[in-house]
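Letters A, B and C name the chains as they come in the text, with residue numbers starting at 1 for each one.
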Amino acid sequence: MKKLIAFTLAALMLLSVSVFALADEADSDLAYVQEKGTLVVGITEFEPMDYRDTDGNWIGFDADMAAAFAESLGVDVEFVEIEWDNKVLELEAKTIDVVWNGMTLTDEVTEAMECSNAYCQNAQTVIVPADKAADYQTAEDLEGLVFAAEAGSAGEAEVEKLGNECTPVLTQADALLEVSAGTSDAAVIDLLMAAAMVGEGTSYEDLVNTVNLNSEEYGVGFRKGSDLAQALNDFFVESYEDGSMLEIAETYGVQAALIDQTADKAE
Amino acid sequence: MDLILQQMPTVLKALNVGFLQTLKLFVATGLGAFPLGLVIAFGSMSRFKPLSLLTRFVVWVVRGTPLMIQLLIIYYFPGMVLKNNIWGSGEAGRFLASAIAFIFNYACYFSEIYRGGIQSIPRGQQEAGMVLGMTRSQIFFRVTLLQVIKRIVPPMSNEIITLVKDTALARIIALQEIIWAGQSFLKGSHGIAGAIWPLFFTAVYYLAFTGVVTLVLGRLEKRLDYFR
Amino acid sequence: MAILDVKNIHKSFGRTEVLKGISFSLEKGQVVSVIGSSGSGKTTLLRCLNFLETPDGGSIAVNGETLFDAAEPATQREADIRRKRLHFGLVFQSFNLFPQYTALENVTLAGKLLAKEEPDYKTRKKELFAQIDGEARALLAQMGLSDRMDNYPHQLSGGQQQRVAIARALALRPDILCFDEPTSALDPELTQEVLRVIRQLADRQTTMVIVTHEMAFARDVSTHVLFMDGGVVVESGPPEQVIGAPSQERTRRFLESFTRP
């Protein structure tokens, strides 16, 4: 009996030691990624930043930039859909190497991750039915409206600042659904998303965006302390200067939101 | 309505892909948890005290914590704490981690049902086998087992139907099962955004699936009706 | 030589000593009835003979071969006990038929499993199984159950179930057949059909140890009667003596409790 217990303990210890021994303790995240030969990019489906083309390949401004960055490092790129709430967990568990998904640089985000410089302008914008748009052109006009916004999003925070009643919903798309169905008067979503999803030629032709409530910026998140963030900043400067970044942005209609990377460098 | 009909082919295709993942997780859990549950049941009934205490402790922990937390721990713990991500990043690793979490969790639930079933068989059955010169394993497989199965089919049916729906929990580690597939049309996917009906429509798949499972288990129950 | 020789069996459960040194022997073809009130240790004695309990002291020999000796660990090896049990058959008070098998399958199951241990099992499987089936059918016919062979236990009356159980025990041709209150769970009319079968077996010189409360039957069928009380044999001898003219006060009191309604 004692032998059995001793054996079990020994086996357990051996197992944990070997697991630790296999652990990659390299200081440089860049070296780690280059050694394994793949940059694993954590994304969610988010048009126009990351989405699938008809063949099922990942495209979008972020996806194309991520592919170009991986190429510059001499590694393959792999896109993995994640549960957005678990993005920091995924990074720390090394199940992904980077979060590149139109991520707003909030205080929470920059604290939990090693973030790149901002590369895209975004805003929280108000969505109302097209036939009522004329009445809601300034923030003052919005008084008394009942809003819908994604729970925990920057949009919800903006509605709170306005002091209006707000229905928290599961996703930004749900918020649009609320306005479309008339169950909420207005919604607050990302400007970049609004560009792709409301107005002429979209799923919600009868909705438009009016007031921008704030302005915010998109960035890319790495593991805390990762040297990949600096590598990406360098890459941003390079591709901004040679025009390739603008070219990709134009493909997805986000060129107006692009942030001048050479100006960032000067800071 | 027209819009839904127009979206239908794209949505069904995506839901089918998600459902296949749901089905795979269900089958893997079944294949793993049915036998593992039996091993755990024997462990908890062992006359070797440390083994039975250890087994019962593990069963208590597994049954006493949410499966969702177990999924998170199994998938993220190796990379985060042990600094060695053993699962990789892709779908295969997420599926494997999900399957292991589900198998272990369900095996613990099954083991308690097995234990109850085995202990409910009168001792006289085993003694009758013994005086007839049967070995322990002959008694278990030829005498006890079928009687145990007959008794545990109803409670196991409950667990199995719960399992069908529990597979949706694996989305917490981004396993793209059917709910994930249905929800993706809300945010926008395959050129469809803001559509909530695909999410509701997943219920039809679950209903059909549990319907089939109920039928199969009902037939099994009926086939064991010939003895009492 | 005695077919069964039981010497000084002791057995305790915790601090309760249930058997305090039981000895008796039996010649081939003899029938011994063990009588006594509940708690006297008769069932425990039977369970010791069938190795369902391990005695704390004493020995058991069959045909001169010592099957068990509390003083010799070599006789207590788990692996050998299974084979040793085959010297005895046991019919339980609650039948303990296997519910998922028909009457015939209940009788043949153990025999077919044991046949696997024969050296020429693979080549002679068909022949062996046919022989086992044939013998089982004959036994069930002898029990008056020719038309019940394919019934499941729950389709049979208690008396029929007990007769299947007797056939099942006989199928392995034990040297000694034991009965543990075989009719206690039965209605009076069903009791008679089972007793009739046991009487037939006695007529055919089957060696039997019967624990029973049926005094008239014990007197009628036995060559020997053991009266047990408090874990010891109080009185033993031919039935005319033990039941007909008991010499011990305790025996008399026990028997009186039966004649009173």
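We adopt the following convention: a contact is a pair of C-beta atoms (placed from the backbone, for glycine too) under 8 Å apart; a residue touches a chain by one contact, two chains touch by 3 or more.
Note that the structure is a prediction, hence the values are computed from the model and not measured.
Participant: Counting one step for each move to a touching chain, how far apart are subunit A and subunit C?
Facilitator: Counted as steps through touching chains, the separation is 2.
Participant: So which chain is the furthest away from subunit C, centre to centre on CA atoms?
Facilitator: Between subunit C and the rest, the longest centre separation is with A.
Participant: Going by CA means, which chain is nearest the middle of everything shown?
Facilitator: Closest chain centre to the overall C-alpha centroid: B.
Participant: If you tally contacting C-beta pairs, which pair wins, A-B or B-C?
Facilitator: Output for the comparison: A-B.
Participant: Averaging over Cα atoms per chain, report the distance between subunit A and subunit C in Å.
Facilitator: Taking the average C-alpha coordinate of subunit A and of subunit C, the gap between them is 80 Å.
Participant: Rounded to a whole Å, what is the gap between the Cα centroids of subunit A and subunit B?
Facilitator: 34
Participant: Round to the nearest whole Å and give the separation of the Cα centres of subunit B and subunit C.
Facilitator: 47
Participant: Hey, which residues of subunit C end up touching subunit B in the complex?
Facilitator: 50-52, 82-83, 85-86, 88-90, 92, 94, 96-100, 109-110, 113-114, 152-154, 168-169, 172
Participant: Would you pull the subunit A residues touching subunit B in the complex into a rising list?
Facilitator: Residues 1, 5, 16, 19-20, 22-25, 40, 44-47, 51-52, 78, 80-83, 86, 89-90, 92-96, 170-174, 176-177, 180, 196-197, 203-204.
Participant: Contact residues on subunit B for subunit C in the complex?
Facilitator: So the residues of subunit B touching subunit C come out as 122, 124-125, 127-135, 138, 142-143, 146-147, 150, 226-228.
Participant: Write out the stretch or stretches of subunit B touching subunit A in their complex.
Facilitator: For subunit B paired with subunit A, touching residues are 48, 50, 72, 75-80, 82-90, 93, 171-174, 176, 183-184, 186-190, 192-196.
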